[in-house]
Amino acid sequence: MKLSFNNWVYSSFPVWVPAYPLEETIKRIAKIGYDGIEIGAAAPHAYPAYVSKDRRKAIRNVLQDNNLEVSSMLPAPGGGPGFNVASPLEEERKAAIEQYKQVAELCADLGGGTLLYVAGWQIYGTPRQQAWDWSREALSEIAKSVGAFGITVAIEPTPTDSNLVESCDDAIELMEQVGEGNVGLMFDTQHAYYRNEVPTDYVYRMGKNLRHLHISELGRGAPGSGKGDFVGLVAALKDIGYNGYLAMEIGFNRRDVEPDQIARQAYEYMKNLLK
Amino acid sequence: MKLSFNNWVYSSFPVWVPAYPLEETIKRIAKIGYDGIEIGAAAPHAYPAYVSKDRRKAIRNVLQDNNLEVSSMLPAPGGGPGFNVASPLEEERKAAIEQYKQVAELCADLGGGTLLYVAGWQIYGTPRQQAWDWSREALSEIAKSVGAFGITVAIEPTPTDSNLVESCDDAIELMEQVGEGNVGLMFDTQHAYYRNEVPTDYVYRMGKNLRHLHISELGRGAPGSGKGDFVGLVAALKDIGYNGYLAMEIGFNRRDVEPDQIARQAYEYMKNLLK
Amino acid sequence: MKLSFNNWVYSSFPVWVPAYPLEETIKRIAKIGYDGIEIGAAAPHAYPAYVSKDRRKAIRNVLQDNNLEVSSMLPAPGGGPGFNVASPLEEERKAAIEQYKQVAELCADLGGGTLLYVAGWQIYGTPRQQAWDWSREALSEIAKSVGAFGITVAIEPTPTDSNLVESCDDAIELMEQVGEGNVGLMFDTQHAYYRNEVPTDYVYRMGKNLRHLHISELGRGAPGSGKGDFVGLVAALKDIGYNGYLAMEIGFNRRDVEPDQIARQAYEYMKNLLK
Amino acid sequence: MKLSFNNWVYSSFPVWVPAYPLEETIKRIAKIGYDGIEIGAAAPHAYPAYVSKDRRKAIRNVLQDNNLEVSSMLPAPGGGPGFNVASPLEEERKAAIEQYKQVAELCADLGGGTLLYVAGWQIYGTPRQQAWDWSREALSEIAKSVGAFGITVAIEPTPTDSNLVESCDDAIELMEQVGEGNVGLMFDTQHAYYRNEVPTDYVYRMGKNLRHLHISELGRGAPGSGKGDFVGLVAALKDIGYNGYLAMEIGFNRRDVEPDQIARQAYEYMKNLLK
């Protein structure tokens, strides 16, 4: 298993400041000891439309110089353009699908292979089945398209924020309905804890389809600062032979966090568990 | 003085759910009694690129049928595209300026006349003066451009979230440097309270340049639910002869809020003060 | 009985901001309805060395134009110069006595007649009796000197902050030892509550020697916002025929207070009790 | 890097008691292990007008006997005389400048070389630019004058308490405008945290101009008792080659603190980090 750190807390998403350029963020995360960085596709780090081909090469060089992999990428849903794949607006659904494709291409350009999929949310007035169908269609199209870049898509249940793919089973159902070989699963301990569910249950249920994890205490604290059972989680992951990334997605939901500090605390705690 | 309600808590920005279509939101806000709606330019309500000319007409009809004005519009800064006018990325700055222009056009199409300006934020590594200059240049270009739509731009200090235009004096300084006739000022009581400043001081300092207000308790509660002095604020506004809008920008920063309830509480409290 | 408002919360003492010029403060307090203002002798309002004779006349005119009396004045102990009458430093004791005399002269120049006396505090290493004697000697000298200005001195027990004159009985003892006709007593409900004592006990114990009162909830909230028994206090004051000032000394100990708001709240609550 | 302890919590400023004589304070701080003492210029410790030349020699002897340096001195702004260099009162501004000069001379007499500069605060009615100009003029005059004593002046941003020099960038701008060789910068982690800013950003931004630091948790707790990242701060300071003082400015804002205890806790935590 490898450790990665999600860039939100070093970025302007969703909290505007503090924010560091991507190159600076790469150096800091690498210096702490992480194997990888998870890059959210938001400005100023990695909004695809703002990142020229030349700059992609330059970023890739910084990654290589610092011996850091791109563990994964994800879009930044919920801002002005929404990027809700289950929106009642056709314009928004199209833009969301296009954005996923662009994020996947950027991910490939930076040497990454995993794209996270947030299944969208149901707006008042849209029947659940309709929202689900739009999300399934979006995922089918995205999966087919990004296969060309060698990208795997991992569906993430997000009950803390949404109302559509809320559980381990929802994610499994969506994956099976889409039935594309490059679509797998992931989960975030924050979201499992939000529903008072047990992360190790997700590990065994997702099994060989588990492609990625987000690690966080409930409330987005660093693992080890709250009451999450990461000892048990690591044991379950070893048990199923998981050898992918554990990405810390923490601290980004409030302004009063020092990015380096929370990155370091999480690293030290998790590194010790993986010994 | 007139009362308006900001749409964030009925939208998907920044919290994804609950979210209501714009037409539904207009009907609810009008029914409570508000004179106007403040529309943030985020999906699914009003991201300019998603709102066709036909749909603009349809929305305008719904507004007229419900006797509700568009008091003001504002972009949704901080999401994937950032729209930070002080970003070190030239691509982002250009996109931000373009977005402001599009929001102004949409505002005019919906019958509104006031555009709020968030001056951006300083990314680590950008000297403050450079960030300030980029913001000033952006505002100059925006102000000149949107004058054609009859739009007034109101600069808002946002210390809760940013690090660039933090105070009443910063906003005044920016306005004076830009020196365009359609650039004025606004403030949000939340941001004044965040700095432990006194809103009535802002009223007297901004004086005849005051074009708009955001009303909120510290923490985004409805006015009257906390310790803000809205009695004194209304008295000061009467004292300077202010006759514009008071827009409630509340409740949107967390999921556990019922939009209709907080809109109603704010309306009842403020309506009574304006008698 | 008359109502007065202490200027600290409109001044820079001890919290630096917000701060309003004295003339502005006079206008605001008068507009709310108060009969008097209590002026603490701190910059920028009334540090004696900074207030020329011409400015004293100008301030007196503003007071008269606004129909506001100076109910009382007091020094600002505890800052750089300390002004601790019980200090082990002879330089400080002399400066403190001189400061009291200057405050008394300023008070008279502004039309006031009451000077509050804070008896100082004991520094580690000074025996209590020595500190007491220095304070008594200081008060004797001050009382004799300020009689020429027609000033009455009122001793205030200050247990919240000090360690010398801590109770009603300490103040009485000091008054009796000094034995000057222009030395009386006062108390502050905050300080009585700090010791879990009963303010009406102070009223009856101080009786005809009671010259002044400070009104505050424990913690410096406006009367009526906490659990203080101001109904009972007013009844006791009527019972002994007290016809002096009740000065609100509130809100000044923290930054997040709106001066006008707390002044208005206290006025409305107390005015109603005095009917 | 060396460790120093600020005397406020042993002094009468701003809380009157407990208070210890300066000589006693020196002995206690030295005994705990500190390399230096930061002396605030308030009674009874070090109000310049109260400290004769003979007493200065005596204090210097006590310092030498206890092997303790004077790391720095600072005035005590905000009390009766205010000493606000941006006051609208000319008398106060002059007194403030004179006080800075006297503190610098006292500092030199006690063997110290660093004077901290608090840039003042804006009173209602004073335009920000005017307040800024007064502060800049004051600093120019002070810097020129105290150069004769070999004193370096370090500008401190103080957003917790003020409204003028609020950020790292404000301090840099003021330093650059003054352009005197003996004017540098400092920061206090309390003030950075108050703005939810990251202290290591201040370290890299101030760089070679960084002359001094105040160490404190948000709320003035001892470092290590809260959530401040002092591990990261020390690493950044080593990274830029800082070899000056870290002065603990803690515990002084409330009465219920034991000075020796908080001094010892801070020392033990920081000493361990510096190993």
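Per-chain numbering from 1; labels A, B, C and D assigned in written order.
The definition used in the following text is that contacts are C-beta pairs under 8 Å (C-beta built on N, C-alpha and C of every residue); 3 or more make two chains touch, one makes a residue touch a chain.
Just so it is clear, the structure is predicted and the values come from calculations on it, not from any experiment.
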| item | value |
| --- | --- |
| Least hop count linking chain A to chain C through chains in contact | 2 |
| Euclidean distance of C-alpha centroids - chain B vs chain C, Å | 45 |
| For chain A paired with chain B, centre-to-centre distance based on mean C-alpha positions, whole Å | 31 |
| Where chain D touches two or more other chains at once, by residue number | 122, 124, 163, 197, 201 |
| Arrangement of touching chains [line / ring / star / complete / other] | other |
| Touch relationships between chains, expressed as pairs | A-B, A-D, B-C, B-D, C-D |
| For the chain A and chain D complex, residues of the former touching the latter | 17-18, 255-256, 258-261, 264 |
| In the complex with chain C, residue positions of chain B that touch it | 193, 196-201, 228-229, 231-232 |
| Residue ranges of chain B touching chain D (in the complex, touch as defined) | 122, 124, 127-129, 163, 166-167, 169, 172-173, 195, 197, 201 |
| Parts of chain C lying in touch with chain D, wherever the complex brings them together | 12-21, 24, 41-44, 47, 49-52, 75-84, 87-89, 91-92, 95, 99, 121-125, 161-163, 255 |
